[in-house]
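Next come two complexes, and both contain chain A; in the first it sits with chain B, in the second with chain C.
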Partner chain A sequence: MDKKDSQVVDVSAQAMNIGTGVTGMAAGFAVTLKNMVRSVPGRNTVTIQYPEQRKPYSRRFRGVHALTLRPNGQLKCTACFLCATACPAECITIEASSVTDDAIEKVASRYEIDLSRCIFCGFCVDACPEEAIVMTREYDLATHNRVDELQYDISALTRREEIQAYGAGYRPHMQYPLVESYLPTEISAKPQDDID
Partner chain B sequence: MGSTTGFFTPDYSDEIATSTKEVKSDTMIINLGPQHPSTHGVLRVRLELDGERVVDAQPVIGYLHTGFEKTAESLSYQQCNTITDRLDYLAPMTNNLAYVLAVEKLMDVEVPKRAQYIRVLFSELTRIASHLVWLGTHVMDLGAMSLFFYTMREREIILDMIEAASGVRMNPSYFRVGGLAYDLPDGFMEKLQEFLKDLPRWMKSFRTLFEDNPLINERLKGIATITQEQALALSVTGPNLRATGLNLDLRKAEPYSGYEDFEFSVPLKTGCDAYARFWVRVEEMYESAAILEQCLTKIEPRGVYMTSDRKVALPPRDQIYGDMEALIHQFKLVTQGFPVPEGEVYQSVEGPRGEMGFYIVSDGGPRPYRWRARTPSFYNLQTMPIMCKDGLVADVITAIGSIDIMLGDVDK
Partner chain C sequence: MIRLTIDDREITVPEGTMVVDAAQELGIDVPIYCYHQALGPLGACRICLVQVEKMPKLVTACTTAVQEGMVVHTRGSAVDKGRQGVLEFLLINHPLDCPVCDKGGECFLQDYTFQYGSAAGRYDEPKIHKLKDAAINEFIIIDQERCVLCQRCVRFMGEYVGEEQLLLEGRGVETVVSTVSHQPMDSQFSGNVIDLCPVGALLSIPYRYKARPWNLERAESVCPHCPVACTTSVTSREGHVIRVEGRPIPGHDWGWLCDRGRFGYDFGYVEDRLLNAWLDGEITSAAESTRTIGSWLNDTLEQHGGDSVAFLVGGQQTMEEAYQIRRFADEVVGTSKVAVSRSVKGYLPLGLNGTFEDLDRADTIVYLGQDPYDAVPVVHLKVRDRYRDNPGLKVIGIGAYDLTRSTVPGDAFVLEPGEEAAFLAYTLAKVAASNPIIARLGEELGDFSPTFKGAKSEQEVETLGRQLLESEHLVLLWDGKDPHMESVLLALRGLREDVTAVLPTFGPANWRGFERAGIAVDYDRLEAFVEEAIQGKIHLLFSIGADLLRDYPDRERAKAALAAIDRVVSVGLFFPEQRELYHAVIPGAGWSEVDGTYTNMEGRMQVAKATVQPPGQSRPVRTYLGSWAHALKKSFVLEPEWDPFDHNAGDLIAKDALPEVQSVPKPARPAMKDGALRLVGTALVMEGGMPSEILQPRIPKYPGRISLADASRLGIGEPGGELGLRGQQGMISVMVAVDERIPQGVLVLPYGVVGSPLNQLGDGAVVEAVSLEEVSLR
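Moving on, here comes the complex of A and B:
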């Protein structure tokens, strides 16, 4: 155990070292002080007061899904199951039913996304040939009950006003400006922001 | 004593055995972690102590085991992409890159030059982001609080850029087989330019905090040494290896994704200790910034970002709505995935923590037969017993921080 003895810390030697390093440390304190002054509330702060203030997210943000509607209010989804197949987390459940419509033969009578499993990869949006499922910028998903409240069914996925307030998120193969404001007023002013 | 509990029984068992024999009677076993803020996740280190002196330090891992490799076998090649994000979640882009390069190698897919450069761009951005987290947390482990806030502040800008391009901050899945998921967003290059203009300024202020600070230097110099031979014997890679003086950077040694077109140098140190590893990483951030500068001129803001090979790439949207053939491709790709020719492949890239590689065995189907991730932190963590032996307890914290482990990466 020679090594043990040789490694005994010489406290006085270290104290000397610290003495010579005072300038270096003073420079460090100056940086801290500068940052402190810089971040006086209201000036240049990076911390935001969530949930009153929110960070703006880009138009590609992959948040909670939304189902889009036809002009007559029907779901655009034709229950082709492509989204459910593409989903790596296997969290989409669809049940199809037939309709007596010339153009469309099938609609989804049940469409559920288990958001407690969803990893927000956006593969379902990529897969859909109809743009029947898109994503929004909604992200605050905390609930008291993960069994029911995170199972989003058709009515939850088509809450128009709420979804509109969060703003449209990721849609397939589209170019978006880098960062847009989060504010709902600004979003509704732009037609391309509509979910439908 | 103790060497069997760890996941790794080191070759240095002789040394450990001798030292434990002598002090057997009065050693104490202490668990560091798994719930300890300085272990950077859920790492448990089984420490055998003789007073303040460490006799043995065995990492016990698996608390974050998720079974990614097995999961991947039941997913199609596109879907596996989402798993790679979650391995090393501070550098998801380099994981993506290693994986898509492996599949592309096996399939012989041609990737457009512009997409390759954008991949370089994001790899280097994540390298800076990852090193910033390391710098903040490592220095915080050593007792300096404020740097953590500043590094997080700057990292936020990188995450914003990643979010703007890929849609999410942490698990982007941005690189897909054949190219990229989406093109760069409007104004991205301006934002990058702004970031690069700011970088020297904040790096300088960070350096002021630790450069001449005797407290930091004393805690790093000569601590947690790994010699070059030991590092090579344990497959240590990345900055940890380059801090032992060995110039091995896969970006230079086996250029991939167009790295050969970029000019940069590989920071090397010979100190073998925590101090050397510290400065290798800090200097790497400047080199990454240099690569990003070159990206500004090399990448046009608009252009092709995905191969036109319909065997792997989803057809463009406007075609899906109007073209029957495109719609069939869409259905086929989504429902069946693309078949990958039979064979096996290994492809590795230089991640922020070292060699990130994927070994994929294909049986010709749309799902991997075997999907193996060679994650750098797993190998780097094996150095714990060597680094900590005969050191002080406080230096165990330095050792953990200085090899920059990522538990998602270790436990898989």
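Moving on, here comes the complex of A and C:
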């Protein structure tokens, strides 16, 4: 646009116009007042008293991962590296080793998820051909130390109380039960008011 | 030439070409499992089905030779249905355990099933279970359930290598691949079956579960262990070398490797690897060592001048590093004393140097002093390849013991140790006495006449002479031990009109490259350096990638030389032997950690890429050269890269003029007492070379080899025993095993191998051997 075509607005003249300022302010405070009236305690409250109070959320929530176990208690993961390959955040570290068990050839001797890097996309769960990794509904992950406390190894991914407390979340075939495996600790009954 | 049409495209190929190869020339991919160009057609797997017009049924492309006017369709509903059926049968008893299979991701069964197979199998019966995870030797595991019975491995070992160690066992659906008599495979070439296996049946144990193929990085490299310098592909993950594979170069090389090259890649990670700088036996920081060595260099130059500094290089580094070392010696230090640490004295003029293509065309191959199977195994495979093409190939072994093997049968002339050159000159003098040079060589030999162990008549010697003169394509493999052989080879070349190619089987691996980089490799240089060191003329030594005590033929002299030098600095991957002789030992970087060019025994330059970072404090040589120059406050520009390649000769080093024929003296025969043994040095690539934890179980406990007669006299049975050798340095014990090819009175010991006291006693020395029980009684 050519310079001479542009319209020149005199801002200082508008600022001197007291009427514009007052109506603008009044409109703003009207919204505040409306919401204040609406949110009188007991009526349409949005704020809750977390962590004592919690909101219902999806049964398919993508929270912290859990590794599933075989009926005999062994890790179901065979260290095929598909989850680590699919991971866009590159937060999964696996080391494989062989076992002498006749039925199983290869197991993960090390399986670590760096939750400080994880973006909870669930690609690892999608990639797993064996449902060896699923997500739980656990979402409150605040820690004092992100270096150590957010590095989850095999024992953290299988034997934490929270897995039981929150229950299983996202996995690709949610309409079917887990095949020949179970979550490390039995999944507790879910709250009734959860959203599907 | 035959013209045919494949997928509507015309091609002209030589008669006898298989349809699958013709298709490949057009860039059309026909799936194959059992077919391999080196092994020839078999038609076992049936996956390569194609449709040929006017033929009633589908045919296998790998067993159908091209015919004039043939019209081939490699895709189409009939072909795809045929391949789908074949795959369904191949997968009937397959465990489908791709997630745990190391091959998953680079598996032809997986790839072709994705491409041609059906989504689901229709077979409901239980699968037949076979052996899984069974080791067939120290390096290879077999999973018989995954096997598609293509027989590549069986045919490679039996037909190609000639060592029948694998076979098919059982019948029908119970057929499995197994080892002969269920004994572990012990061939030098066993690892190649891993590369050959198109499915996950034969897998590498050291690589097992280390990674999945899609998170690997591959780099083109060259094997650093022997002068053959096979082309390899180095696989690394997260900065760690975890696998080495053969890298075939179409039309030039099949990509076979020996087990040393394939599994000996872990020398960078063994416990002994130097990761820190050491000054006077104490670990120090890299900066401190650089400062100290820089001040030593400064002081030495001020007090004694440039010529008091010497460089001893090992011959394993890249050509670029050799070039930088030479430049540093020339420009920064100002010394001409740069020597290559060597075990043998011979030198081969470049003009005589042949290539591996000569082996492919040879009609006569002569081994001089060394069985190539031991020193340069893949050359043995190339000779065997030639023997398969041309069963009339004449192989002649001339050495102190029988150098031939059943895989490439030949005629062996077993001589007194160290008389190969004289014998060859003697043979030539018998058949070409009219030639003035030969006549002179004959005169110099005087009354020399060879004594053969095992009957050989004069007539056979004459036949050998005529073979040497008249063969159409003569290739000699020379061990480089006797420096006079150079003259005999030159004289032989002068007599012959047809091709005479010599391939040096001796190390160090990159010696030809060092020569190209401007470092003279002749043994006289090394000898002069040792002499000057003993006389105290050298005040500072940089030993870069070298270990004089291990390599030099006279250990005592080497020790005296090192002890006489004021300050000795070693740069290398490991501590040198007797580290107390070194004042500073700093960690170097080696193969797979530095980019560079290596020259092999053909004089062919090949580029090897760096794959990983040097571990710990170890750094490439060039880094140290730069920092030492900095300490001298001199500029040493490392950046302008030197291009070793010649614009005219390509990847081969250009040949130069041949030198004159020198004299060949009559060999002296030391007096042999009863019960004495004569030492013969040899190069063993498996036993020698860099340490490796992976190879450790395969490396024999017994580096020495003696005859059956001597063994029974000294009370040494199977698998071997300890022998006491009484030489000038007192009693030295050595572990020996029996080898039938060795004549009585000879003890073969390898160079540069721990537990082989060859350079303590001296190559060719006569030693008194006693069984150690006898010693303990005294």
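Simple rule for what comes next: the second predicted complex is superposed on the first by the 129 of 196 C-alpha atoms of A that agree within 3 Å, B and C clash if a C-alpha of one lies under 4 Å from a C-alpha of the other, contacts with A are read in each partner's own complex, and residues count from 1 in each chain.
Here is the rule we go by: contacts are C-beta pairs under 8 Å (C-beta built on N, C-alpha and C of every residue); 3 or more make two chains touch, one makes a residue touch a chain.
Fair warning: this is a prediction, and the values are worked out from it, not measured in the lab.
Contacts of A:143 after superposition on the shared chain: neither chain B nor chain C is touched. In the superposition on chain A, contact of A:98 is made with chain C only, not with chain B. By the touch criterion stated above, A:170 is placed in contact with chain B alone, chain C being left untouched.
By the touch criterion defined above, A:127 lies against chain B but remains apart from chain C after alignment on the C-alpha atoms of chain A. Note on chain A: of its two partners chain C and chain B, the one contacting more of its residues is B.
Of the two partner chains, chain B is the only one that A:24 touches; chain C does not reach it. Of the two partner chains, neither chain B nor chain C is touched by A:74. Look at A:85: by the touch rule set out above, it reaches both chain B and chain C.
In the superposition on chain A, contact is made by A:106 with chain C only, not with chain B.
Residues 82, 85, 129 of chain A are contacted both by chain B in one complex and by chain C in the other. Remark: chain A residues 78-82, 84-85, 96-98, 105-106, 129-130 touch chain C in the complex.
Those residues of chain B lying in contact with chain A across their complex are 19, 22-23, 53, 75, 78-79, 82-83, 146, 149-150, 153, 156, 160, 163-168, 171, 173, 181-183, 185-188, 191, 205, 208-215, 217-218, 314, 316-317, 320-321, 327, 330-331, 334-335, 390-392.
Contact residues on chain A toward chain B in their complex (touch as defined above): 1, 3-4, 7, 14, 17-18, 20-21, 23-25, 27-28, 30-32, 34-35, 46, 57-62, 82, 85-86, 88, 119-123, 126-127, 129, 131, 135, 169-170, 172-179. Within the complex formed with chain A, the chain C residues making contact are 97-100, 104, 132-133, 208-212, 214-215.
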